[in-house]
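A single structure is presented below for examination.
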Amino acid sequence: MGKDVGTWTWFHKLASPPHFYRIAGRMIPWFAVPAAILIVASTYGGLVMAPADYQQKDAFRIIYVHVPAAWLSLMCYMTMASAAAVGLIWRIKLAHALAAASAPIGASFTLVTLVAGSLWGKPMWGTWWTWDARLTSELILLFLYLGYMALRSAFDDLTRADRASAVLALVGVVNVPIIHFSVVWWNSLHQGSTVLRKGGPAMPAEMLWPLLVGALGYTFLYAALACIRVRGEVLIRERNASWLKELEAA
Amino acid sequence: MTTLTTSLPRAAWLVLERDLRLAFRRWEQVTHPVMFFLMVATLFPLALSPEPALLRTIAPGVVWVGALLSALLALESLFRADLEDGTLEQLTLSGQPLAWLLLAKTLAHWLLSGLPLVVAAPLIAAGLAAPGEAVGTLMLSLALGTGVLSFIGSVGAALTLGSRRGSVLLSLLVLPLAMPVLIFGARATDQAMRGEVADGPLWLLAAMLILSATLSPLATAAAVRVSLE
Amino acid sequence: MAETDSAALEARDLHLWRGSKHVLRGLSFTASAGHLLHVRGPNGCGKTSLLRTLAGFLWPEEGALYWEGRPVTEDRDGYAAALAYLGHENAMKADLSPLENLRYATDVRHPTERRTIESVLERLGVGPQRDLPFRALSAGQRRRVAMARVLLARARLWLLDEPFTNLDVAGVRDLSAVVADHARQGGIAILTAHSELDLPGSELRRLELE
Amino acid sequence: MTPRRKRLYTVLGILGGVGLATLVAVKAFDNNLSYFYDPSQVATGKAPGDKSFRIGGMVTQGSLKRTPGSLEVSFTLTDFANTVPVSYTGLLPDLFREGQGIIAHGRLQGGVFVADEVLAKHDEKYTPPEVAKSMKKMQPPAGDKT
């Protein structure tokens, strides 16, 4: 990997812990500020500006939390698994750090999705919880996150925790579609996808834009949280490195 | 460079044969999970009601949850002893592709822990008042399903080898991944008990078996190498 | 058994961390045909870690290992086929006899006749125990059987971690003779031992770890 | 075996295994995998008579009848080809109304589907009230088959 210097220099420079630590630190406000603005805008647009749904009335407004969180719960898993694959194949510590940092964030988004969906389900479906396909697969996704985190915490040695949990994340990626498909076939009550569907979103613009802005805001939020957490992971991994001692002294 | 003269199938067979021979020296590995399976199935009539109509309704679920838990229980022993006496290290140094040897080892594990569950299933079916016609489908679905469980479980067993709390952690990792097997296995059994042809779920179980047999040895090999670090 | 060429095993600037401990700090050495390398140092200095790194279980964070001029990461199975490793554990199943254990361990690499295994067991002084369950053997006898596995592996590179543990005086003498023989036939042996080694007629070199 | 050949065989093995698994899975889809039954399947006797299952369909306009003084309701479910009578005792969910898609869980008793649970299934379309009003004027039943 290191032989092809020309192509890989930038990559290795970015992947070097001290460099990344500095860059990530500088990036946090660039992610956090847009995240705050976008989420506030989406909340205002969703709660105040958008009209109520003709059937669900105001209860539908919970989608402005529920749907972005659901997207992010999947996106976090994909990021985690891709980072794990990179870390496993090229033995890049920073990729493992990103995977480790993404898991709790993704688990939180999954939990938010489930709780928000449950709050919506009681008035609309008439039940807090039902064994519907999407609900069940989201729940299993939460279990996968928890399993990943449990496996990490079972190792004393970080290198082994990194590599073992990376294998698990990849096994999970193969299984996520299978699990999703099997529960869909098993029992489906949840509505289809609103935005990503054949023939364009089934939603008027004034309802749709706060949703999309919210999704973007949540993505920025994830990026900001990931930066903070990866910096933490880098500190743990590099606690004996000389650049950290210099940083402390300065 | 030194070359090996033992062919790959022969090497895989040797791994399989050794585990079978070991099991014949020590029967607990084979008998304990089956006993557990039978006892779990006994709990349900005691906890619910011995009424045949009710038992017939819950039978597919009971058999499959019991099989899942027993398979999980047996997984603990898949690599643990080999890690402790050093033979797992030697397996990775045999010069043969590790994934193949682990495929053979997982197959041996299925023969010793999955197959007995399949054989014991008719007993439980009778105890739960399941109709006789359904027993064939039940056994076939269990044979395919426990195979998938062995393959998925081998990854989990290898991953938890190097960790402190082995067995509970193993369940946490394997159970979410095993849910599709439970869904289709119980569905096949259910359909067969209603006198329907259960081709659909059985084919799906077969597809899962092929997929897990293809991919899981690679993941298991990676996990074993991590555990030896 | 082996063609003679230069520098069969070469370690270049190995760095290894175990947790927060920097175990190997830029270790370099070469070992060629006929060389015996005695790794020495106080407890906890990383002797076992070094041997496990050479066997390919541990990956050095920096530096690389070359076998016959090529990085071992290029063909790990090929490298594994060229080496035999004796760890702290004997890698024998307690419920199987030495003969069965050795057959499984060796046949995976190359078919071996029963007579060959028996003669190696004789040579290491555990011929009479060949059909007993391994668990019935004494600690010293178990170590000898484990050494028989190394001998039967027909590997050029031997990595022996404390091979003399639990051996009596005669055992140490027998084993030393086997290792010296291996070197004379163009093999390489890298071993750790607390005591001084007495290996007649072979080129013994020392590697001190602090 | 050289490492390069080994890699080739590994990749071929994975492709072969995944391909075969896909073929077998496709074979599974040739069979009826459904858990759900729609009113037509129930009307033609494809649904199990002795076991509970789920039925999904649209509540027929004008079919809802409440028994005074109790929580008992009855209505018919349609998929626009066949209808099945349903009876249910209990509170109906907010979204339950005629012309709306629902899912009921229960069993068949003498041609009537006796539900023990009724869930409103809401579609993926979100519409402001005034739009819905005008849509209703233009085309009867607003719901669709999702």
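Some points to look at:
Each chain gets a letter, A, B, C and D, in the order it is written, and its residues are counted from 1.
Just so we're on the same page, a contact is a pair of C-beta atoms (placed from the backbone, for glycine too) under 8 Å apart; a residue touches a chain by one contact, two chains touch by 3 or more.
The shown structure was predicted, so the numbers you read here are calculated from the model rather than taken from an experiment.
Distance from per-chain Cα centroids to the pooled protein Cα centroid is smallest for B. Between chain B and chain C the centroid-to-centroid distance comes to 36 Å (mean Cα coordinates, whole Å). If you average the Cα atoms of chain A and of chain D, the two centres end up 31 Å apart. For the pair chain A and chain C, the distance between C-alpha centroids works out to 48 Å. Centre to centre, using the average C-alpha position, chain C and chain D are separated by 66 Å. Counting partner chains per residue, chain C shows two or more touched chains at residues 59, 77-78. Residue positions of chain A with contacts to 2 or more other chains are 156-157, 159, 185-186. Contacts with at least two other chains are made by residues 97, 187, 204, 208, 211, 215, 229 of chain B.
The touch graph of these protein chains is complete, with an edge between every pair of chains. Residues 1-6, 10-11, 14-15, 17-18, 21-22, 25-26, 84-87, 89-90, 92-98, 101, 225, 228-229 of chain B are the ones that touch chain C when the two sit in their complex. Interface residues of chain B, counted against chain A in their complex, comprise 152, 155, 159-160, 162-165, 169, 172-173, 175-177, 179-180, 183-184, 187, 204, 208, 211, 215-216, 219, 222-223, 226-227, 229. For chain D in complex with chain B, the touching residues are 6, 10, 13-14, 16-18, 20-22, 24-25, 27-29, 31-33, 35, 48, 50-51. Interface of chain C with chain B (complex): residues 2, 55-59, 67-68, 77-78, 80-85, 87-96, 100, 104-105, 107-111, 149, 154-156. Remark: chain A residues 91, 156-159, 239-240 touch chain C in the complex.
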